[in-house]
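Next up: the structures, one after another.
Paired with chain B in one complex and with chain C in the other, chain A is shared by the two complexes that follow.
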Partner chain A sequence: MDWGSILSNTAQSLFSPATMAFALAALGLAVHFGFAGLLNMGIAGFMAVGAYGYAISILTFGFPWWGAALVGIGASIILAILMGVPTLRLRGDYLAIVTIAGAEILRLLFLTTANQEITGSADGLFGYHASFRAANPFPEGTYGFGPWTYNEVEFWVLILGLILLGLAVLFVWRLINSPWGRVIKGIREDEDAVRALGKNVFSYKMQALIIGGVIAAIGGIVYALPSAVNPNVYVTSLTFFVWTALLLGGAATVFGPLLGAVIFWVLQAFLSNVLPALVSSGIMPFVSSAQAATLRFVLVGVGLVLLVVFRPQGILGDKREMTFVK
Partner chain B sequence: MELVNTLKSNLGERLPRWMVLSLITALAFFLAIGPAATALADEVGEDYDFKISGNVKNEGEPLQGVVITVEGDGYSAEVVSGADGKWKVGVPERAIYTVTLDQNTLPEGIAVLEGGDTQQVEIGPGGSVVKNFFIGEGERQTTSILDQFTARLIYGLNFGLMLALASIGLSLVYGTTGISNFAHAELVTFGALVAMVFGVILEWPMWVAIILAVAASAGIGWVQDAGLWAPLRRRGLGLVQLMIVSIGLSLAVRYIFQFAVGGGTMQLPGSGAAKIPLFGAVALSTIDLASMAISIVVIVAFGIWLTFSRIGKATRAISDNASLAAASGIDVDRVIRIVWILASMLAGLAGILWAYFRPGIKWDMGEKILLLMFAAVVLGGLGTAFGALIGAIIVGVLVETSAMVIPSDLKYVGALSLLIIILLVRPQGLLGKKERIG
Partner chain C sequence: MSSSSQKPQSVEKTTGLHIGEIEPGVKKVDPIVTIDKVHRQFGGLTAVDVDHLEIPRGVITALIGPNGAGKTTLFNLLTGFDKPDSGEWTYDGENIAGVPAFKLAQRGQVRTFQLTKALGLLTVLDNMKLGSKHQRGERLFPSLLPFLWKGQDDEIAEKAMKLLKKFKLDAKKDDFAASLSGGQRKLLEMARALMSDPELVMLDEPMAGVNPALTQSLLDHILDLKKDGMTVLFVEHDMHMVSHIADWVVVLAEGRVVAEGPPDVVMKNPAVIDAYLGAHQEIDLGVVTGRYDEASK
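Take a look at the complex of A and B:
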């Protein structure tokens, strides 16, 4: 067992693009579910439009990377409106089923061979990095130390991701502690009471759906920045993993999504390194290394069940803020 | 207007105008403003490990621009033969696939002479297979639109009946307990996996394997309620919590399946059996016919049970109003236990039929139709068993017939869009009561 490389790989995942993308997506979901009480099960769809909007704008239309990112964000706003109009007047579980179906429709449209030329079908999209790399302010070289050593491109992704994440957290924190945030939480607790106060509940819910959707789309863009866009990433399991990260940290908190995403990915990285190592060193007999890799997803599922039953407020949350518990 | 034009030119007029709705409008906006004409490639799915390839030639002359569709195992792709007549499709699984040559794209007077334009292939031991159609001058045996539609209708009915078996349980569980059970998909997979263990690994006769699989499903239903859902009910968990619990359970169980059987596709004995032409363009294998017969018998028996038996009546009473039912002396917990057992049995049986329909058994096969089940249940009216039956048949027929006008890898999109549209115009579903939606 090479504990050195296992721990180093685990430490690396602390600042991986996937972790930052998950943190952003979970933060968006916190606005949806934690604060506004909207049961959005289509968060993968929001990440997908962000990522595809970004990649398609560059590859098909030749946009600069920042323009492409704006297109991704714009796409998520339109998706939020399209999903919200039919469903925000419906009860929670209906919203869940519609959003999950909406995200799946999107994925199928990205996957179909009819749109091959634009979306790359099953192969996805890649090779859209030129503009983003040209904008890199960091000169060539290596940055960081220990397990966190990056080349200039990785470092640029890391810094940009951290800045976006920091801005998003600050934005959500200010927002939730504003009058707007109090109305949103009021809707979560008792929609009718807020309506009786003369507030337009539908409009507030829609605003929350858009804001959370935009943050999730930024997560999708950060996910796409360093590598490629693949339709097999944006499956319903991705939605469930983001939910797990959110509930782990605490749904109705600002820093919970961040903490949840970090724990989720650090644990995933640790298990994906340690389980095959256990197999190859003969500590886990009768198990192949491919089987060992699936075990971590079993643990995600079991963890999600235990979390929701025994600590639905998550690590940072306050049980009084969890209307969904009752 | 410009948008519609670009859309048409890009998607090769395969998307009819009514599809240009809600989500699709937006997507078209993002996807379709591309370069003028889109030509399909002669090679797709390069990332996949398994390959199906072929060479379209007429008397040694390569034919370009012939459209080939590969379908199976929940995957589908379309290629166009290149200038050298060659085409290649990457597929995700070592499974049985249906290859269709679109005869309308052949030159005038040329037709597929043997075996028809739709043929089945199985990926060989080397991970690839070559499928060449025997083409030559001759009378094209084209099927009229009506015949094609009838054939699709029958396939859709078969699929819909199978889907109904799976959906009725989902709907009853929702009606009696309020849980939107995402783990229902895993009950479907479970039935097929148990049938595989007895029918393939132990090589017992298939009818014994099916009975054992359904019995094992009943056991899982009992275990699930006794071990998980009943304690959670006593704990007083909220509905959203229960839904998320079912999601966690679904993830855990699905990956346990993958742990146990791996990521590949396995076949039940007799799967991919020859299709017998019946009438028109309708050709069904004996397994298709048996599957339809089993579905109909089970659904009718279940309907009679639900309508006339004491427990069936109690089930419907609980779906209507659980507290009132409890107050009138119905043992709610016992009825819910029975509902879980029956729902699991129906789902397990549906899983076996689904394994034959796809064809193939895979660790995530249930999840592939989970959203269609939800679409069926919502369409019929959440919590109503007969609604789920009607909803499932509509969804099944829609999925199969819509593939005539939209690309076949988008055929689930129609059903999922229907799910969203029905919530817009009639959220209580076809047979639901209005007060169900809050």
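Take a look at the complex of A and C:
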């Protein structure tokens, strides 16, 4: 077994665009579920509108990359309003149903051949990088060291991703530790009590839904920045992976989603390297190497179950504040 | 504000609240709330059907009636938590039919709930701060800039501590409200309601599940509200408490106002005895059920 390459691949995933995208999406979900108590099961949909908004604006309408990013963000605001208006007055479970359905509708709209010209159907969208790469402030060359060695384009994605992530964390941290955050946490527990104290509960829930949606859409954009947009990425299992990352780190924390996303992707990278290696070196003879690669998803599922049962508040959470059984 | 004492306060009833003959729907000298033809139906059941009712300002009014009489429904209607099928009502002379609950609360009408709604996963102090109105930091964009709201937040905390001290909860300010006992949660809910400087305080069964020792201090707190110029409307089943602190009593039965008046008058009203108090109210329960022989004593 080649431990050197296994560990190097694992280390690389620490700063991959996917990790940053997940951290952002999980942070958005923390605003929804962890702080405002909104059961959003369609986080993949918010990431998808971000990514597609970005790619379509460039390819179809010729926007510069930053303008396209703003379109992606705007699209997520519209999505949040569309989902929130009919459901935020109802009990929490209805939002879960509407969001999961909404995310699927979006994915199918992106997938259908009727819109092939714009969305690229099953092929997805690619080749929209010119404007983003032209804006790269870093000259050609290699940056970083060891497993973290990047060319100038990868480095530009990394730096921009880290800046966006840092800003999002700061933004959420400020919000949550303000009187606004106090109202939101009150709503999470009992919205009638908060309503009786003269707060416009609907407006607060809508604000939380929009803010979380925008952060998730930025995650989708970061995901799309270096490579391509593919409809097979924004499936329901993406939503559950983001939930796993969130619950792992701690739903009602600001840094938990970050930690959860990092652990999730580092573990994924490690397992997807080590499991096939174990098979090819004859240590796991009972599965084929193709089966071994997918075994990691089984392990993720088992991990999620164990997490919810034994540490519902996540790694960084306060047990008293966030559990599934009240 | 006057500080609460453990000694029972001398209770002076406010009288002369009505104009004309005492009867259901009688006009008041200075009503804070008037209700006109409010009707609420749940399927085939008429929960509330009030023709006319005025709640007097600046005094303590009790709303009594048997289970299912529509007391809590009327409460929910008045506070905007439920919508009537028809009818009008005014608060402070302004029509408030159809105004959402949070706006009514902003106008100075605050309520508590029958099943206490202390926010268990916030600290006691945060619960209190939440009750305060017009906080700059509760708006989305100003909340990001602490220098805009920090000063106001500190003032609110100071006010909250004063109230907590009065309700003897100041030692628990940093505990999660979930760790309080049931009675302490009732106190916290009432103290939190007072953070908004209300004009009308509506208490839904403030004594339910509270032990006798705490009852006395809760009673004193309610009397203090009146002393501080607030109007109190409360739902309660404990007739001793009602006659002890209420200046005016409204009796509901099957959604209608069957009687109203000062407590001593209302409790002698045959309609009230029939509908609510029962013919045996003065006799020990054991005698009524036949398990306790009065003669042998």
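Everything below uses one rule, namely that the second predicted complex is superposed on the first by the 324 of 326 C-alpha atoms of A that agree within 3 Å, B and C clash if a C-alpha of one lies under 4 Å from a C-alpha of the other, contacts with A are read in each partner's own complex, and residues count from 1 in each chain.
As a convention for this text, contacts are C-beta pairs under 8 Å (C-beta built on N, C-alpha and C of every residue); 3 or more make two chains touch, one makes a residue touch a chain.
Just so we're clear, the structure is a prediction, and the values are computed from it rather than from any experiment.
Engineer: After aligning the two structures on chain A, examine chain B and chain C and state clash or fit.
Structural biologist: Superposition check on chain A shows chain B and chain C fit without a clash.
Engineer: Output check: A:Leu247 vs chain B and chain C. Expected answer is one of first, second, both, neither. What do you get?
Structural biologist: So A:Leu247 only meets chain B here.
Engineer: Considering only touches as defined above, state whether A:Tyr52 meets chain B (first), chain C (second), both or neither.
Structural biologist: After superposing on A, A:Tyr52 lies in contact with chain B but is clear of chain C.
Engineer: In the superposed arrangement, which partner chain does A:Leu39 touch: chain B (first), chain C (second), both, or neither?
Structural biologist: A:Leu39 contacts chain B only, not chain C.
Engineer: Going by the contact rule set out at the top, does A:Leu79 touch chain B (first), chain C (second), both, or neither?
Structural biologist: first
Engineer: Answer with first, second, both or neither: which of chain B and chain C does A:Arg91 touch in the superposed model?
Structural biologist: The answer is first: A:Arg91 touches chain B but not chain C.
Engineer: Output check: A:Gly67 vs chain B and chain C. Expected answer is one of first, second, both, neither. What do you get?
Structural biologist: Neither partner.
Engineer: Comparing chain C with chain B, which touches more residues belonging to chain A?
Structural biologist: Of the two chains, more chain A residues are contacted by B.
Engineer: By the touch definition at the top of the document, which applies to A:Glu189: first (chain B), second (chain C), both, or neither?
Structural biologist: second
Engineer: Using only C-alpha centres after the superposition, what angle do chain B and chain C make about chain A, to the nearest 10 degrees?
Structural biologist: It works out to roughly 90 degrees.
Engineer: Let me test your reading of the model: by the given contact rule, A:Leu108 touches which partner, first (chain B), second (chain C), both or neither?
Structural biologist: In the superposition, A:Leu108 touches chain B alone.
Engineer: State the minimum pairwise Cα distance, in Å, between chain B and chain C in the overlaid complexes.
Structural biologist: 10
Engineer: For chain A, which residues belong to both interfaces, chain B and chain C?
Structural biologist: Correct list for chain A: none, the interfaces share no residue.
Engineer: How about chain B: which of its residues touch chain A in the complex?
Structural biologist: The contact residues of chain B facing chain A are 10-12, 14-15, 22-24, 26-27, 29-35, 38-41, 44-48, 77-79, 90, 180, 232, 235-241, 243-245, 247-256, 258-259, 262-263, 367, 371, 374-375, 378, 407, 409-410, 412-413, 416-417, 419-420, 423-424, 427, 437-438.
Engineer: Help me check something: in the complex, which residues belonging to chain A touch chain C?
Structural biologist: Touch residues, chain A against chain C: 171, 174-175, 178-183, 185-186, 188-190, 192-201, 207, 320-322.
Engineer: Using the touch rule from the top, collect the residues of chain C that touch chain A in their complex.
Structural biologist: So the residues of chain C in touch with chain A come to 79, 81, 101-103, 105-106, 110-113, 117-122, 126, 129-131, 133, 135-140, 143-144, 146, 149, 153, 176, 178, 192-193, 195-196.
Engineer: Quick check: in the complex, which residue numbers of chain A touch chain B?
Structural biologist: 39, 49, 52-53, 56, 60-61, 71, 75, 78-79, 82, 86-87, 90-94, 96-98, 100-102, 104-106, 108-109, 111-119, 121-123, 236-237, 240, 243-244, 247, 290-291, 294-295, 297-298, 300-305, 307-309, 312, 324-326
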